[in-house]
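Below is one structure. I have some questions about it.
Each chain gets a letter, A, B, C, D, E and F, in the order it is written, and its residues are counted from 1.
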Amino acid sequence: MDMSGLSSAEQAQMVQIIEKKQMRDFMNLYSSLVERCFTSCCNDFTSRALSSKEEGCLKNCAEKFMKYSERAGARFAEENAEQMQKQQQK
Amino acid sequence: MDMSGLSSAEQAQMVQIIEKKQMRDFMNLYSSLVERCFTSCCNDFTSRALSSKEEGCLKNCAEKFMKYSERAGARFAEENAEQMQKQQQK
Amino acid sequence: MDMSGLSSAEQAQMVQIIEKKQMRDFMNLYSSLVERCFTSCCNDFTSRALSSKEEGCLKNCAEKFMKYSERAGARFAEENAEQMQKQQQK
Amino acid sequence: MSFFGGSRNGGGLNNERIEAAMHEMEMITDVFNRMVSSCHAKCVNTRYADAELSKGESVCVDRCIGKYFEANKLVGETLNSTAQAAGGGGMGSSPMGM
Amino acid sequence: MSFFGGSRNGGGLNNERIEAAMHEMEMITDVFNRMVSSCHAKCVNTRYADAELSKGESVCVDRCIGKYFEANKLVGETLNSTAQAAGGGGMGSSPMGM
Amino acid sequence: MSFFGGSRNGGGLNNERIEAAMHEMEMITDVFNRMVSSCHAKCVNTRYADAELSKGESVCVDRCIGKYFEANKLVGETLNSTAQAAGGGGMGSSPMGM
């Protein structure tokens, strides 16, 4: 995102807004991650407790998703930067 | 949720906010329930009218979901209370 | 929606609100359309570039969805008008 | 969101009523979006060999939208009678203008 | 949304704290909605031959809700230890009051 | 939401521009979230026998993100030319900065 069109007061405000949004986005990521991993890993309801198999699956799911998410974010940023550059050359 | 850290004026405002939110959540529940029951029950589009089988299915779906939702809500409240208690003991 | 209960100042404000909402709804439609068409059309990740088959599928998907969406919107408006009329006759 | 951006300065504007109208609009949009998504899944072939809605798909869409309204009404009535049976007064009418 | 409609006029109100409480409430609602949707998919038969939760479904629901809480805790702990291993300080405790 | 909590008091701030920047940010987040969810479904094995992205999965992810951008562009162009064919002026450029 290009913030150069904004005044410094506006930029300061944007930073605050962005921080709040990041907090919100993180919580959203977190709750969707729990849902995603629970859906993939937990399918036995003969007991309330997590089996060791379910525990392992949940941990792997959470860790793997964070790695996936980092990679996807890096690619997204690259592609986005490339496309903005192309648009400015037009 | 623990509101004891808020002043009485803040608590009064929170109550108002919560009421609006409940109204919104109820509408959301309602429209997601229609979608859910429609998806499960309506699969014949040779006619616009609901067949009696579809009607029965929709009614059962709505009633059953409300019962499910009450039960899930009660369990959620129990688990949440238990967990908050554990955290305070730490 | 019946705006006749609102004053003209309120109606002017509503128009502004509605315009912002339409802008937001359009963006939402757009990003959900990309997701929908990508899910249906792109399943080969041996290459980063779109194959000509994928391109054709994406274009058809987008065009067809717009046609679908127009038709669904027109039916929705008809049904909604009919139902409001019935409610006023009660 | 920013929908009410101007409403706080406005002398003589009734924010309550604007909020209520706004609320109704959001609700209708929500129902519409869910209906669009449901009927797309029920009626539209997603192989996308061409860009046209076939005759069969079109007829299916029309009926699907109509049926969705019927389902919406029936679910609303069911919730109302459940609420009344539980001792409450129900919600008066179907919970939305549709 | 309009949740903070009145909060700007209010003398002596601490908007920060109300916002934080509001934020927590939204978060809990989000978790609850996802849990309701997950456990419905896991436990409830969707043929809808009748309107009652069977005994088996009820037991499944109770365990599913409990298990969802356990999963929530474990995922939170996993993210924390991953963040700590990456050099950060983690998030202190599980990211939500649940 | 509360994003604009402070913006109404601020003398000399241009709310319109902040709103526009905010709007763009929300849009990009929306696209990103949908892309993350799509490419996860396309590329990541959900048996979770271990916590690493395999080589094959990593390569798939890179291509999937790239392809999603291409799809986004093509869908935008298709909507524009459909709108132009319908007599309107289209949307000028692809409806988002990406």
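Keep this in mind: contacts are C-beta pairs under 8 Å (C-beta built on N, C-alpha and C of every residue); 3 or more make two chains touch, one makes a residue touch a chain.
Heads up on the chains, UniProt names are A, B, C = TIM9-translocase of the mitochondrial inner membrane; D, E, F = Tim10/DDP family zinc finger-domain-containing protein.
Here the structure is a predicted model, which means the values were calculated and not measured.
S.K.: Going by the stated contact rule, which chains contact chain A and chain C alike?
M.R.: Where chain A and chain C share a partner, that partner set is F.
S.K.: If you tally contacting C-beta pairs, which pair wins, A-F or C-F?
M.R.: Answer by contact count: A-F.
S.K.: With centres defined as the mean of C-alpha atoms, identify the chain lying farthest from chain C.
M.R.: E
S.K.: Report the inter-centroid distance (CA atoms only) between chain A and chain B in whole Å.
M.R.: Inter-chain centre distance comes to 26 Å.
S.K.: Can you check how far apart chain B and chain E are, centre to centre, with Cα atoms defining each centre and the answer in Å?
M.R.: Spacing between the chain centres: roughly 13 Å.
S.K.: How many angstrom lie between the CA centroids of chain B and chain D, rounded to a whole number?
M.R.: Spacing between the chain centres: roughly 17 Å.
S.K.: Mind pulling the residue numbers of chain E that touch at least two other chains?
M.R.: Expected reply: 1-4, 8, 22-23, 35, 62, 66.
S.K.: Find every residue in chain B that makes contact with two or more other chains and list them.
M.R.: Where chain B meets two or more other chains at a single residue, that happens at 24, 37, 41, 59, 61, 63.
S.K.: Could you list, by residue number, the parts of chain C that touch chain F in their complex?
M.R.: 23-24, 26-28, 30-35, 37-39, 41-43, 45-50, 54-55, 58-59, 61-63, 66
S.K.: Give the list of chain E residues in touch with chain A in this complex.
M.R.: 23, 27, 30-31, 34-35, 37-38, 41-43, 59-60, 62-64, 66-68, 70-72, 74-76, 78-79, 82, 95-96
S.K.: Over in the complex, which chain A residues touch chain F? Could you list them?
M.R.: So the residues of chain A in touch with chain F come to 1, 3, 5-7, 9-10, 13-14, 16-18, 20-21, 24-25, 37, 40-41, 56-61, 63-65, 67-69, 71-73, 75-76, 79-80, 83-84, 87.
S.K.: Touching chain A in the complex: which residues of chain F?
M.R.: Touch residues, chain F against chain A: 1-4, 6-7, 10, 12-14, 17-18, 21-22, 24-26, 28-29, 32, 35-36, 39-40, 44, 46, 48-53, 57-58, 61-62, 65-66, 69, 73, 93, 97-98.
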